[in-house]
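The following pair of complexes shares a single chain, subunit A, combined with subunit B in the former and subunit C in the latter.
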Partner chain A sequence: MSLSSAFSSALSGLTASARVAELISSNVANALTPGYARREADLSARSLGGTGQGVRVIGVQRDTNAFLLSERRGAQAGHGGQETRSNALRQIESAIGSEESASSLLKRIAAFDQSLLAAASRPESEARLSAAVTAAADLVSHITQASSEVQAVRGRADTSIGLQVNRLNHGLARIADLNDRIKLNTIGGADTSALQDQRQQQIDLLAEIVPLREVAREDGSVALFSAGGAALIDGRPSTFGFTTAGTVTEAMVLGTGLSGLTLNGQSVSTTESGLLGGGTLAAQFALRDEVGTEAQAGLDALARDLVERFQQSGLDATRAPGDPGLFTDAGAAFVAANEPGLATRISLNAAVDPRQGGEVWRLRDGLGAAASGPTGDSRLITVLQSALTEQRTPASAPFSNGMRSFSGLASDLTSSIARQRLDSDETLSFATARYSALQEAEQERGVDTDQEMQQLLLVEQAYAANARVMQALDQMLGNLMEI
Partner chain B sequence: MTISSALNAGVAGLNANANRLATISDNIANSGTYGYKRASTEFEAMVLSSSGSSGVYTAGGVRANSARMIDERGGLVGTLNALDMAVSGRGMLPVTDMSSIDALMSNERLKMTTTGAFRMDENGILRTASGLVLLGWPADAQGNIPTIARDSVAGLSPVVINQNQQVGDPTTAIKLGVNLPATDTLAGSPGDPLPLSVEYFGNLGTSESLNMTFTPTVNATGQSNTWTMEITDSASGGTVVGEYTLVFDDTRATGGSLLSVTTVAGGAYDPLTGQIALTVAGGPISLEIGIPGERNGLTQLSDTYSPTGITKDGSPAGTLLGVEINEKGMLVAAYDSGFTRTLYQIPVVDVPNINGLIPMDNQTFAASQQSGSFFLWNAGEGPTGTIEGYAREGSTTDVAAELTSLIQTQRAYSSNAKVIQTVDEMLQETTNIKR
Partner chain C sequence: MPLVSLGDLAQSTMLRRNMGLIKTQMDVLSQEMATGVSADVTRKTAADLGPLHALDNRLAQLEGFYAATTELELMAAGQQAALGVIDGFATTLAPQLLSAAAGSQPGSLSAIGDDGEQKFKAAISALNTRAGDRSLFAGMATDRSPLPDGETILQALETAIGTLATAEDVRLAVSAWFDDPAGFGALYQGQGVLAPVAISQGETAELTVTAQTDGIRETLKGFAMAALVDRNQPGPALEGRAQLAKLAGQQLLNSQSARSEVAARLGVAEQQIAAAQSRNSAESTALEIARSKIVAVDPMETASRLDEASTQLELIYAITARMSRMTLSDYL
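Showing the complex of A and B:
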């Protein structure tokens, strides 16, 4: 009977309007929710056996812009990686001390130089000799502190890699779980938008660690690949393997003492150009294995130059050949093979250091002197002062071209780190600008409440019209009964 | 005597209209019954004296004939249940009684209905609340329907769906769409192997993986465009199941596509189909890597490694999520791991004379001598209509028409009663002649 099919059509209209109103209310309620994608109902005419039977909601569309999303994720990873690098470089720079700061390496060297000059002018003054020894000890502790700070930066990078690998593993497992649930609901014909929102948020959490490429699969699930091409999820989640070292020392490098990264049991490259490059994970690896070791090598070269300046033969006649100079490698004489890690081991010769039972007059009379000599003899102090300032070619690789005074070498080291930091900051400001621009563009595409209200008006009218049809049908049947 | 024939005709008219009233009341009572076919009462005149010339007319009266209009089709009404079925067009669904399901199927036990709301009962039998059991041809394990005689019920069996059973769906084909970075084969590049893990599903529904590595050949000078693909199978304990040397083209016309594939170890590569017949622990899997000279499958372009275009069949073992019927009458089960499989085919029963079917309880019909013998069609083929899920066929009763006919019947009934009353009065007059 056509009246009853008209009833069913009108009812389907009411149901569809109610569903659209539900989606609009959800959109408006989530107007400020980050990661929420506006939903829209897909309506379609319903037909049974070729005849029209009203309307039905065939699905709910999430309004996302895949291009913008993937660009934003890429920018997020780039920004995160650059920020990590800049922060670490700033820490290393402040540990060595920039040229301007009061407690910088250069200031320490200048203080040592001046205290030697002062002691040379009045070699009999215990106070001036003590001041020179204290300045030397300050210089040594500055270098060892900078070195341990560099190792601390590497250690923090190592810990952070461990945490990020954990986050990746857990996040990927959760995304795989959401994939399964979305697949299940898609088969069951249920609305999966909320689950898709959750999945997008989960993916966004990982996007900073590794730049991600999202590829939709036909059953509603997504596959995730890193920008370098490693498959993170395609079906089931990949697992990353990494062992945190705990404490990182200068002797530990990638392969010896420090863990590399494995993907499903196979070891993968951790460099910026590798499969997982571009995000904070690769940046932390770079800090641990490149930036940190380079800074340490610079400090080692500096320490070696300092030790060697005062260990030259002929400088101090009282010192036996093979004995350490004013600065020692943990109390012993320095040999070229031991350069790695010298910056952490460098110490002041115990013979002049009152804190280690030495006597400050040995600065004036020679490290090997048994007893205090003539108090007016300033020759050795003058020699020491000129050893510090003489132009000399450093033996270590990074600085082996060109002659430098010790403060010149320190200044080169400081400015090289400062230049790296400035470069990195500059790149960071580009990355930040790009990231925030894309974030803004993404937010602009969010829920437009004006548009939703306009839609709501239309829905209201459609609902009323359907109800009116029902009322008219009721009257028609009533007329029939009144015959 | 003609006056008494008039009385008889009046009584016949009352009878006939009462009959029609019965069909009208039945129709109106069943105006909301899905699958109900309207009954109609036809009147036929009876003639007793054929000789009008004698001047005497004998009223023959009227005889009522009721019939069910089985070929009339009600409108389809949408519902929310996947297993609400209706035939859109000619033909009916095969069903049988609950009591008949254990006995051997015979033609006598076959009943037909145009629509039904089937639900699974505790034994997984698909039946209606009134106890009608849906019949269908069972599919084999691969989901194919064997060839079955169409003029007997021998192949039909009650549709039983096992709710809680796990079903596997092993992988048999994988297609690789992977771009290898051409720059990695340049002289001086580090030559790191590129890993790729492809998940597949074994015969027992377990998740296994084919682990592939693509290792570039780096020569002292120039660009080799050569890669070694090594495939290991996790199900076989990580043994190498195939190793191939891939050479890529660098010409203008077909640059980046495969030039040649040499089998080092494992299943052979067929350049005509672009497939490798891999033997993994669970049996053969065809791995499609592309035909030489064509740019699908493996390519070697630019400097990015992009293993994003991998497709495969198979799913993990799944439990039943739901059952739907499609318009071809295939009862398709969807499993929670994402695959679907045909379980039964529901044929559409058709007879030469639909109105000759014997109506029975619960809107079912049975074949009879008058209807002719039945034939089981694939839904939508021959004269039959398609099977619609999520739909019921409405009653063919048109309440407006029935009410109109009710008015007519009421008037006709009163007119007949008036005739009887008049005859009575006339007879009274005759009796009153003698005082």
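Showing the complex of A and C:
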């Protein structure tokens, strides 16, 4: 034990205090940085030849909790996926027309029904006939617009898949790169906390797309797996393959016109229960390949029911057998085999539509009538009105059996989409609650400036004490020198 | 490590999230307060929209029925008024004809014949009335008048029957001409009868009276015979003309029951329409009430929830301000 070793101890105390103060200042500076893990210095007593020789900083610890992190990432993916689905269902619901909007499908049907009743009471009135024809045209355009909105939702999902696949590929490459740098720095004995922070941020960016499991390797790198079990980074980054379709139409489905997903060249399942299920990627695939096609099938079945109601034989004597009814399949008569996509092609018979060169009086006198008949003849209009309201069994699959009026059928379709939206909203609110709870739990472990200040006080005291020790040693040495 | 610290971000995130939640809630509540209708009907009905859609649909239909019944009512009233005019003519002319026939004076016979002709023409123009630009007695051909003017009809009648010997011959010929599809029927411009019109769910009303209806045709025969008295039928002899005037008077009296039947039939239709109308409006009111029960929100409840939310928000503001002042660095 000598004065010089006491000097050395005091010096190590000063150095350690400075190092701790540096960490505190870094913590305080990053108090508002999301994803920043609080740093803490690991201190230990230095010993030389069995005796204490001051203090040393043996390392810097990032204060993270692997369990919370992985739970939060899972919740983030679940929340993102649910939000995607919920938003899309809301768009589909508003395209068909929710109850509150003035122009819902149901209101269009009611307006058509009402205008037929009014026209039947005064069949000679050009205004009444025009109103009925306009109401029919509005109904048709509502169905076609809803159908194109459904396809637009599918199209946006397809584009979004393309962007997410891009982000995944780039993100995985960057994470692999950070992995390499962390490995090198660990071997070189340098502080890797900043790089680890960066890597965690990069992983967080991808966590929404696919739920991720992080496995730490001994060399400081991490391996990433999807919750479903696909290896995304294990040493090397994996690459995903996907081709964006551009415009999506009702004829395009997964496999015909729409691309699936490949992982390192192998095609992988894109369903929620598949290897990559659980995040926004699988949710967009579900929108494109399930929710969107189901909504389209519902609209097609609805359009079919409408066309068939007015295409029945015996409804209108002036119409030749096999000719289209009041509503047509793009101008032609509807054939049962052509149901897919009918909702986009349905149109009003040109014979009654003034915009297509027709005459509104054909609504009263028959679609095939060559000349206008007696102006007070309301028989056909009454027949048309009852064709719209009569109880009929829908011919196509999406609807369960049972007789319904046309508005009853439309009500079933609207209710079923509203039901899906409501369910999805409820699931979303659970997912959001879980995600924000985990986020808060993670942030609770973040930087607390009060605590840092308190520590700073300690550091200040320690620094002053060490300096005092040095001063005392200096005096002691001085005393020796004066002898 | 035991939790001895609480991250700064956690606190501010929690406050921010709660503030956002309350603000969204207030937005919804104030919208509901202003409109009186639930902001998300789908949620309020748990997506069971069937009953609501059925109500909406029925309400729209009732509006359609309202238009139909109002117009039918107007038309029936128009027809009833025209029939009233014709019936009035017949009941005043018949006794005059009989007394003129009994008196057998050339002057009074001429006068009554003239009067008969005027009444005939007036009856024809009553049948040609339009209500709301809709011909009342032409069946489905609502765009045209059912008959040409009275003079044309009388001339056609004269041409068809020629000059006959006895009053009885004239009566038979006039009656035959009015019943003949090639005679009076050929002048009639109307077509068929109006189809039944729906006036409420599953109920239809029809107005089938036209210028060809029996009661009207029988009355027209009487007027036509009276008109012929002053048109040298059957010949200039006073006795024959007096006889024709008598037959015309009897024809008008005899057709009374047929006219009443037409008026009664119309009356039944009018009553049916009025009943349907009041039923429809009662139903409409009931449905409106039922609809508002489904979609409306309780204003008391909404107001108190809005109040609650604003108190909550004020509390959050207070806490935020207090918390931001609580920092150790201020005391160092």
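One rule holds in what follows: the second predicted complex is superposed on the first by the 428 of 483 C-alpha atoms of A that agree within 3 Å, B and C clash if a C-alpha of one lies under 4 Å from a C-alpha of the other, contacts with A are read in each partner's own complex, and residues count from 1 in each chain.
Simple rule for what comes next: a residue touches a chain if its C-beta (ideal position, glycine included) is under 8 Å from a C-beta of that chain, and two chains touch if they have at least 3 such contacts.
Quick caveat: nothing in here was measured; it's all calculated off a predicted structure.
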Touched partner set for A:L68, first subunit B, second subunit C, both or neither:
neither
Key: Touched partner set for A:I109, first subunit B, second subunit C, both or neither   = second
- request: Please indicate which partner A:A333 is in contact with in the superposed arrangement: first for subunit B, second for subunit C, both, or neither.
  value: neither
| task | Could you say whether A:A118 touches subunit B, subunit C, both of them, or neither, answering first, second, both or neither? | result | second
Winner on subunit A touched-residue count between subunit B and subunit C: chain C
A:Q443 in the overlay: touching subunit B, subunit C, both, or neither? Say first, second, both or neither. second
Applying the document's definition of touch, where does A:A467 land relative to subunit B and subunit C: first, second, both, or neither?
neither
- prompt: After lining up the shared chain so the two structures overlap, which partner does A:S8 touch, if you call subunit B first and subunit C second: first, second, both or neither?
  reply: first
On subunit A, the footprints of subunit B and subunit C overlap at residues none
As the complex stands, subunit A meets subunit C at residues 31-32, 34, 38, 63, 93, 98-100, 106-107, 109-111, 113-118, 120-124, 374-379, 382, 385, 407-408, 410-412, 414-415, 418-419, 421-422, 425, 436, 439-440, 443-451, 453-454, 457
In the complex, the residues of subunit A that touch subunit B are 1-5, 8, 12, 46, 48-51, 53-54, 56, 183-184, 187-188, 213, 215, 219, 223, 225, 228-231, 234-236, 238, 263-264, 266, 268-269, 274-275, 477, 480-481, 483
Listed in rising order, subunit B residues that touch subunit A in their complex are 31, 74-78, 86, 88-89, 192, 194-199, 207, 209, 211, 213, 304-308, 310, 321-322, 334-338, 385-386, 388, 390-391, 394-395, 397-400, 403, 407
Seen from subunit C, its contact residues with subunit A in the complex are 1, 3-10, 13-14, 17, 37, 39-43, 46-50, 52-54, 56-57, 59-61, 63-65, 67-69, 71-72, 134-135, 138-143, 191-192, 194-198, 295, 327-329, 332
